[in-house]
Structure formats: C-alpha cells, structure tokens
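What follows are several structures.
The same chain A turns up in both complexes below, where it pairs with chain B and then with chain C.
Our next item is the complex of A and B:
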C-alpha cells in the first residue's frame, strides 16, 4: 500500500480555506435569517458596495480622517502623561487617577457639550476618538516603562546619569512592545469613537450612514458599513503588528528585581488628591469654555441635587434603582470578558496555527459598532440578561486578549532556553513561565477593562435595553434634566473608580510576588 | 424673483466698484447677518422646507446667512439654543416644556407639525386600529416614551397594565421579526421604511385619538426675542416661504434634499414617500387660513391638557405669536 505524499498545507493555504469557510457560513446564516432583517449576506454586502462606491468612499474618508487625527492626538497625550508620571513619580497616582476619571465620562454627557464648544465640523468626532484611545495606551505604557531589569538601571546610575537617561536608554526600549499593544487596542477604538462622535450632529461619515441604514431597514447597507469598519480596523491592527515585529528585541530580558519596600499607606491621600484635581478641572472647564449653567452643572449643583434640593430623596432613589440594574449586568459581563480574553490568549499560545482567523474574528467583534451587532445578539440571546452580559463581555474581551497576547510574548529568553534544555511541553511552558510573565499585562488589561465595561453596559442600556444608568442618562438629557444627568455621571465615574481601585489592590498583592519591578 | 433691495450709498459704491471688474456680483457689499438653525435630526426631507429656503435664496435676499446644523442620536437641541450657537432650534412641545421646567428661557415661535407624528404601527394581519386594540399586545418602544403611551391610554380609557412593553431600539426590525405586535414610532420614518420593503404597515395616528402635542416647533430664547427680533423674523419668513413651496411640489423637495446632501445616504423613492406623508401633519385648515406655522388658542389649550397628562405644567405664554404676526403682517 502506497501513501500519497501530499505536502502539508502551508499557513497561507490554511488561512484561505478558513476565510472561505467563514464566508460560506456567514452567507448561509444570512439566508436563513432573511425575514428577521438582522444580517446581510456577503453577496448582498458586495452588491451594495458595488452600487454605492462613491458614497462609501466619501464616508470612509471623513471618518478615517477624524479617527486618525484622534488616534494621533490621544496617543500623544498618553505619551506625555506617561513621561510626566515617570519623571515625577509622586504625580503618578494623580495622573492615572484623573486620566481614569476623564476616560469614564459617558458619551451621552460629553457629546452635546463638545458640539456646543466646537460648533459644526469635525471637532467632537476627533476629541471623542482621542478620548477613546488615550487611556488604553497610557496604562500598558506605564507597565512597559517599568519592565526593565534593575541591573540596567544600576548601570545607568553607575555612569552618573539620572532619570532622564534611564528613560531614554532603558525604559523607552522596554516599553516598546507594551506601547504597540496599546496602539493595537487603540486603532479600532479610535474608529468607533469617531463614528460615535458623528451622533452629535454631523453632515457625513460612517456613523451618519449607520443611523440612516438602521432606521431605513437597509440591512445590506448596515452590514456593508460594518464590514468596511472591520476591514479598516484589521488593516490598522496588522500594520501596527508588523511595525512592532521590526522594532521589538528578539528575546525579552529576564527581569530580576529586589522585593519592593513595604507599601506606604498612600491610598487615601492619592484618592483625595484625585478628587481635588477632578473638581478643579470640572469647575475650570465650565469657566474656560463659558458653558451655560442650564446644561453644564457644577459640582455644587450636583451636591445640591443629591443632598439638599427638595427632591434630593427622589433623585437618590432613581439613581439607586438604575445603579442596581446596571451592576447586575456589569460584574458578570466584566468577568466573562476578562476570562474569555485571557483564556483565548493562552489557547493561542498552545495552538498558534489558528491565531490568524481567531484574531480576525476578535477585531471584527470589537470594530463593528454596537448598534449594528446588538439586534443580532438580541435575536440570538433575547432581551434578558444574557444578551446584555454578552455585549459587555465583547467590549472587555478584545483589549484583554491583545494585552495578554503581548504579555505572553514577554517571557524571558533565558528562561525559555532552560525550558528547551528540559524539552518542556507547550503546556508546561505556559503554566510555569508564560503565565507569570503575562501577569503585569493581564492586570493592566483588567484595569483598562473596568471603564470599558462600564461604558459598554451604559451604551447597551442606552441603545437596546432601556434600563439602568445608561438609559437614565439618555432620558435625562432628552428631558433637559441636567442635574440628574450629571449626578448619574458622577455616580458612574465613582463606580468605575472604585472597581478600578479594587482591581489595583488585587494586582498589588499578586505582582509583589511575580513582578516586583512594577511596584516601585 | 429677487425683490429690489433698498438703495444705499454702500450698495451703490459696492455695485459700482464690482461693475468695473465683474459684470454681476450682487450683494457684494451688503451688511449680512448670520444665524444658525439647529435641526432635530440628521439631514433628510424632514427639513426640506429649510433646504428650499436656502436654495432659492429666501434668506439671502433678506440679508440673512443661515447655517443649517444637523442633529443626531446624541444631539439634544436645547444646549445649542441656550448657548446661542443656534438662534432657533427645532424641538417639540413636550421637550420644550421639560426644558422650561429646568429653567431654560424658551418660547415657541412657530409650529411646523400641527399634528403630532407619533403613531402605533402594526402589521395588517394583527392590526392596532383603535387604542382599545392595544390591550393584550406587545409594544416595542423606548422605555423613555412610557409617559406618551400612558397619556394615550388615559385619553382613551385603556388599561396600560394590559399592554406588554418591550424595550427596543428605534427600528422596525423587532416588529418584522415577530418580537412585538406593534411599535411606537413616527408616521414618517419606520412605516415609510417598511413600505419601501413592500410591507404595508397599519398606522394609528395618536393625534387622531386625543394626543394633541405640537411637534417640530421653532424655539428661541427670551434674550433672542428681545435683542435679535429682525433675524428671527427673517429666519421664520424664509422657513414659511420654503414650506409653502415644499407643499406645492414634494417630489422636487425630495430631489433637492438628495442634491444638497449627497453624503446623507438617502434614496429618492424613500424621501419622496416621506415628503408626501408629512404634508397632512404640517398643513391644516388653520394654516390654510392663517399661513404655515400658525396655531389657534384652542390648540394651545389642547396641548396644555396633553402636557398635563405627561406630567408637565405649562402656561399659554410658552407660545409666543409675535414673530409670526410680524412675518404675516409684512
């Protein structure tokens, strides 16, 4: 009996086959769901694109330009903040705290104010794109800037150089892979931010067309927009990844650091500082832009609405009900997204051959606007908790996956050499070496994911379920109840900050053992 | 059809100088004032009267340069009007009443939609033709609109507890997918979308069942009423002429909308149908007699009654007819 010696299929061929299979599955699913008006087949998407190339090109150019401007501005801001935090370590808690607060501000509240400040044009789109990216770059960057062996810093000091030299010669290099992870997470987020910015009143762009398509029951147009958004996000992701491979060192160094000094009790002081800075910024913004007190409520207005006004009790009760509804979706969605992201990153290390198609699907999930996917998920899972939790998990999942994948690659080369000499299996390497090396990146992801989850749950509540804090904020904006809106904003932001603090506490305990260099 | 502008030395000098270089540069040296009109949604034939006014120069011939600011899902009309970014905003009586309750100094200067556009849309094989038909049905709507449904039920002795409210996105999809039996929506958007898909939805106009609430109302601040009257008059005069022209030829209005906003993703048949369907909401015996935008004292009383059902207390002086009277008087 002879066997035919077929060459093993190369990665390119395998990728092609998987892509074709995915397209066929998509086509079949769309045809099965024709009467439900939720999903268009790839053939319909192509048909729409062929019939409307000019319209799509103009919309894409507009949104892409705004997203790119926001991407650059947001990431430059992240770089500047990280440099500030590093050169002046005492300011770090303040910088990250205020950065978190600003990142948490809900779009329902900020969008209309940005429109008033900028007037007609692309201002709000660019700012919302920048706001969508700066935090997810800042956090991995701060981790990366510390991911260098203590001996290298000793070397810098032995030459009599200071912090600036350490930043340029040691930290910047160590931070590169983390920076790229941040940029890769940022690319689809900037695009989505620019789209959502168009909801504040724009003449053209992909967000304008998405709203038009959804209301007009134009399913092929809806999915053509989603497909183009996904393709753009994928290209950006791949391009940034290619850049990273050219810049990154071959094998990450072994990080050996002395155990950190016992933690000083600084939590409360830092929190007080962040609160003070936030209040100052809040008042300052109202004064600087001369915002009308009808819709720009000051901290004293909010305090009055919550504590001393005649209807303060009713306001608190409304907020309490909404908070309980939101929290019920938030925690399960957050944990599910985190587990899925970290779990999939590990699975990809064990089975790297499927990385291409899995990453494509993950980017698609992240870059398709939630307004497009929500009806499909609702159809599959219903309007109950399962649908909302899934949507939140999707938003948390992508940044976690990307950060963990980069973290897993930070395994020190020398340790892998040791593993080679013992002929250790992939699983052993994962459990003993890669996961401990991933932990700083994982916790960075877990912290970034807190505001992302809060944003996701409020957006889903606003657009789909009509319950909880997201819905309350949209309703109070449409009824001009800006006292209630800003009270809800404060509550949402406080919720994010508290969850963030809880994650940071766990992080500090774990990293004390596995990555002490992070705790200096 | 341009009216001759009053002669002035500046205009003479301007025209004379321009005449040396170029044969026709009208309005070169006119002192133009500018104002913005904040629309309540993205560009579509919903605002085609304003587009006609812009296109045919109904504003520029009054020396007013008007910017039309598009709205969107996250673009409430009140903040730009309060801040002065927009001179006039397109709102609705209930939103205006809520804003006034929160301290906004608004007045309603004109009413574009005499009849409220809210309908209950259903499919012909399971129709909602009367408010009583709602009982036992599942209705898809934003929970924010619960007071609207409650008002309809109170006006028609319907027990709201016998209606199952399903919070949905603003889309016809849940109705077509069979998730709900009917939708709370506008006469001029989701039913039109369904018609374009070949589905003739049944619509029950809430205005025909006691829900009297002015929509697409022109609002401005007291400050503007005191200090920018000439611009308010000029802006509304242009609107009025634009909408009268719209009524003469809705198909031309739809075509102009596509021509002026090619990036809005609109298609002509949909816009033509929508343009036709909003005519009966915008023009009535009262507007035939008094002109576009007019309202009667009786209509204000009905609006106040409906607003009371929505939990809003307002007085008749929320409506200010002085600008409209100036427009019609001149």
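Our next item is the complex of A and C:
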C-alpha cells in the first residue's frame, strides 16, 4: 500500500469539519442511548480521562514502552530475514514460508505460552508486539529490494562491481520507501500486539485496564481506553508517514505486491520444506531453551494427542466443534469485509467527489487497533454472532478499502486517455479498466487479511463469546491442558497458512491474466 | 602503466553467438575486429540483436558460444579494471540522485577520484548547464539521455559502448553533440561502438559502419567511412556523404530482403 500523502489544506479543513460532525453525532447518539450500557459520549470519555489521568498515563507509558521494544525487535528480525533471503536467494521461499507460519500463530495461544515461559513481566508483551510487526515489514522489504530495473544493476556491473555495490548503491535505496511504508503499518500493529500481550495476565498496561473495564461493564472506561488506543495508533501511523515523506518522497506505487508465485511442483516442494523447517524450529526451540515438557509440547506429543492417545478421539471432537464455531464467524466476516471494502472502493470511483474524504478517513481508521475495540462491538451488538462477524468484517474492511482505492488509482493515465478517445462511460471504464487495475491490490489485501481475521475472531471468542477455537485455547491454557492447547495452535496455524496459500494461488492465477509484470 | 591505460584496445569477436534461454536466437556466429581508437557504428533493424551484441562485448551477457577479446584480454578483465563505459538504451539514471550525483556515482563505482571540475565540464558539454542539481524525474527524455552520456564519459573509458544514445535528443542538440563528442573521444583515443537507427548519424560519427541483418544478427555490409575529420553538419550535403548514406540504405534493404529465408551463418 502506498504511503498516504498529506491532504492539501482544503481537504484538511474539510476533514476537521467532518471530524467535528462525527464527534457531535457520537455525543448525540450516546445521549439518546443512555441506560443501554453501550455507548459512552465523548464528554463522558473526556470526563473519565480527566478523573483518572495518572492511571491512564501509567498504563499508556507501560504499553508504549513494550510496543516500542517489540517494534524495534520485530523490524530488526525482518531486516535480518530479508538479508538472509537476499544473500541466499534460493532460500527465499523457505524464509517467507516459515515467517508466514510464525505470523499465523494465534496470539491468543502464544500469549499464555509465552507467559508461562517468561513468567511475570514485560516479556510476552514485547514478543507479541514483535510477532505482530515483523511479517508486514519483511514482505514489502523483499519486494523493495528487488524493485529496481535490471539496467541499474547492469550499470553497477559495467564498472566491474558486484552484488555488494548493487546492494549499497541500488537495492538499499530502492527499498527505502517500501521499508518506511512497512514500518508505517507496523507501528499501530506493535501497539496492538503489546495490548494483546497484556491481556494474558500482565500487571500493568492498557490491556490490563481494558480487561478490567470489560469485566466491570464500565462503559465510559472501555470507550476511553479504546479512544486513547486509537489516537495513539493513528498518531504513530501519521508520524511515520511524515517521516516517510521526508526520507523517501518517491513513494512506491503498490506496496503489497505479491511474492513471486512458484510453479505448482516447486510450490509443493517449498511447502514440504517449510513444514520440515517449522518442525525443526519447534523441536530446536524446546531443546535450546530447555523448556519444561509439562507445558512445552513437541510435535510428537501433539501427534500423539491427536492420533494415538486414549482420549485422542475426544480431543479431535472438541477441536472439530470449536473449528466449526469459529469458521461460522470467520468466513462470513472475512467475505463480508472483502466485499464491503472492494464494493465501497468501486462505488467511490463512480462518485469521485466523496472519494477523497472517505479515503482519508479509511486510512486513519485502518491504523485503529481494532481488536482493542472488540469490547465496544461486543457491548453494542451483544455476545452473539452479529458482534463477532462484524468485528472480523471491520478488521478486513479497512485494509481492503484502502488497498482497492490505491489500486483503482493505479490505472495508467494513457489507458484512460484511450478510453476518453472512445468516449467511454464511467461504468465501462470501471468494468474494463479500473477493476482489472484494482485486482492486484485487492488480492494483496485479501491475502494479508487472513491472519488478521483469524486474530480478530480468536480474540473476540476469548474475551467475549466463550465459543470457538479462541475460547478453547484460552480455556485449555487456564486449565493447563497443554496437549489440547498445542493441538489447537497447530490446527489454527495450519488453517491460517493454508487459507493464505489458497488466496495466494487464486491471486497468482488472476495476476497472470491481468498484471503479469507483477509476477517476475 | 599509465601509458597502457590510455591505449585504446582492439575488440575481437570470434564466432560469437547468442541464443536466449527461451530459444530466441539473437546473434548468429559472428567474426568481428574493431580497430583500436576507431568509432564503429552498428546499424540494423529493430530487434535484430544490436543491444545483445553490445552487452556481450561489455561482458554483461555471456555469449552462448565463441569468444570475445578486448585488448588481448577477456571482457571480464576490462570490467574488473572499469576500463569501459556503457550508455544504455534506457538512460537508467538513479532517480534519487541529481544529474551531478549520477555522474559522480560512475566515478566512485569505477574507483576513480571524485572530480567536481570534470563533472561540471561534461555537464556543460552535453548542454545541461544549470541542471546539475536536478533529479532525473524533472528532466525531459532527451536531457536524461545526455546526462547518461556525460556519465559514460566521466570515467575516461578506453572502450565506450553507446546504445542509441541520441534516441530522444532533438535534432539541433544531436548535431551539436555529433560535433563535440567525437572530438572528445578522439583526443582521449577511445575505441567506440555506437548503435544507432539514424544512418546520417552513423556516417557523421563513425569510421566504419557495420550493417546487420534482421534477427539473428549477421553482418551484411562493412562500410568504411573515409570522410575527413573534423566533420561539420554541412558535410551531410556533400556528394561523398550522400554516396555513403545510400550505400548503407542499400545494404539495409538487402539485409531485409535476404532475411527470408534466413541467412546462412557467415
């Protein structure tokens, strides 16, 4: 996705007016709904903040510190992995594959496991923040390091210089805008990761307060926390955007362009390699950190729990039921989010007057740590299906909308000139030119939204609905049923990675037809 | 050592051929000797393999068969000593560097000392005074090509490979460059290969023109240009000049006619 350009003064003023209007609407709606325990008015939010400044500031400082540490660690890991893939190009499929599997680990389960490993303190928060960011930095970085025409490398080679000079003089600088744009998405993600880490029984921080507010049905406090989290995430996003414009004014056209899709046979081989490497890492980590076998289950333990143990059948049945419950929320939410995002983007093309403000709002809202607003959505829509499905859809909706709007803007000017010369209608242009131009961005968003949707659904199940895989993992963690917990982790991760791969496969098909240049 | 550096090399191609991985045969086995210090123009239809031949001479593309020798050594040796410069068909300036920065990059890649005066002189020579600090995105296509020419010249290479360097340059500037550049590379004694689609330009700039057939490239004519130097734009109206351009045109159309069925390897 592209770094956002600061709107010109005109739109900025309009944005201010729109924000004020939205605040007024919020206030009115809250007043109308008093007594329903759903919505706190802006005045109540401010009131709560004014009454508890110390509490809020301490929690915010704690969470920000952890998020910053995770941000640095995660991005350093991304740089190291990108360097590895660059130095050893044949390993790139392996590196990105294992990175994806790790990214698909459900935070709901890794949180408690990390808590057991680290004990009290900030360890789990920092690790979860790092886990939340490294992948979204790694992928654009890998694209950026290759985002240079062959003739630039010819130039370097024509003076007798090799790969090192190419890295210093061409690749590093060409990757910079991609890196900064990745960091921009990473900043709110790190904040989100730290909060989820705090859900797992930390002593201090925004996540701890959120849980407390939710348990106590404290509506103003819940809204105040979500508002502050949103403001911080948006600030981080905007600040990094400003930095991006200073460092690299030449923003990349499309950030989430796909990693090259291997041929089917290579794909299967790569998948097998990734599985083997993941298992090796898993065993290796248990051995290297000398983890207690009581909670650190190895692949053989999980295989036994699922296949050979006396209660293997019961375990499988439990997992099956939870999986069905989760899928019932996940799939409709995911598809609805995609459809709404792409649909609104297309509608906006037909009504260009409102596209600008909606785009600004969507870019801002994309950075909202949506999971931290889960309590609000549950408050508003109840603990049933509607709330969960809505949350998943919202989680998917914003990135899709932003990506699609960018994609729609990618339509080459000359092609539009050709359309002009045929006096084509807006609808014709949309169908013939813009939608094909939008597809790469749409699929990039759809692919990256898979782990995000899984994160959303499992967090809501854990915090609110008490059903599905999220709840199963939280429950088995608190009951120390580690065989069941690890089995659920394996199941969730495998499914996320498989869904991601399935979307990538469809994406490769579509791109081969509409944007072959992205599949080099 | 210093004297040896400035000696321009001969370029010898022995049965050089190139077939790309996809099976496209770009260059037929080709024998070629380019004399030291001479300017040779390669003329041929689009897609016939001129850039491929140039890239093989530059050592950027290995030939499928045959061998290339530059000053008695393989191209890799010339590359290693940064003794050659290529002005690529696409100017390939780095967008985040100014014109001056792009030219300076060539010096640093070639491990030559930074030389601000030389850079400014070249910027003036290619007619880009006042644009030294401009980024490529703010230049016209022709200005970018001129910046790329300046970059190719700044390292004072012994072998200069120019791939359609004036494609987007306007007629008047082109004539000016055709005046100034040969003077520069004659003074330095550079072996130059110039790919161009303009027959007039080929005659004006070179000592010898090789006319290539349609793909796969084979030499259909080898025409010596014995016009006196320095040459001026007015020379194009002389009979001798017209006879040479006619000969090149004739060879080009012969090459086209003989392309079907394909030429036997020479």
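Rule of thumb we're sticking to: the second predicted complex is superposed on the first by the 350 of 520 C-alpha atoms of A that agree within 3 Å, B and C clash if a C-alpha of one lies under 4 Å from a C-alpha of the other, contacts with A are read in each partner's own complex, and residues count from 1 in each chain.
Rule of thumb we're sticking to: a contact is a pair of C-beta atoms (placed from the backbone, for glycine too) under 8 Å apart; a residue touches a chain by one contact, two chains touch by 3 or more.
Keep in mind it's a predicted model, so treat the numbers as computed, not measured.
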{"item": "Which superposed partner A:464 touches (first chain B, second chain C, both, neither)", "value": "first"}
{"item": "Residue contacts with chain A in the superposition, chain B compared against chain C", "value": "B"}
{"item": "Touched partner set for A:162, first chain B, second chain C, both or neither", "value": "neither"}
{"item": "Partner chain in contact with A:221 - chain B first, chain C second, else both or neither", "value": "first"}
{"item": "Which superposed partner A:170 touches (first chain B, second chain C, both, neither)", "value": "second"}
{"item": "Chain B versus chain C as contact partner of A:154, first or second or both or neither", "value": "second"}
{"item": "Chain B versus chain C as contact partner of A:474, first or second or both or neither", "value": "first"}
{"item": "Partner chain(s) touched by A:384 [first = chain B, second = chain C, both, neither]", "value": "neither"}
{"item": "First, second, both or neither for A:53, with chain B first and chain C second", "value": "neither"}
{"item": "Touching both chain C and chain B, counted on chain A across the two superposed complexes", "value": "none"}
{"item": "Complex contacts: residues of chain A adjacent to chain C", "value": "149, 151-152, 154-161, 165, 169-170, 173, 250"}
{"item": "Residue numbers on chain C that touch chain A, as the complex places them", "value": "55, 58, 60, 79-82, 84-86, 88, 90, 92, 94-96, 105-106, 109-110, 137, 155"}
{"item": "Sites on chain B touched by chain A in the complex", "value": "36, 42-43, 67, 69-76, 78-80, 82-83, 85, 95, 98-99, 101-104, 142-144, 166-174, 176-177, 189-190, 193-194, 196-197, 261-267, 270"}
{"item": "Chain B-touching residues of chain A, taken from the complex the two chains share", "value": "35-38, 55, 58-59, 62, 107-108, 111-113, 115-116, 119-120, 196, 198-205, 207-209, 211-218, 221, 291-292, 294-295, 371, 374-375, 379, 383, 463-467, 471, 474-475, 477-483"}
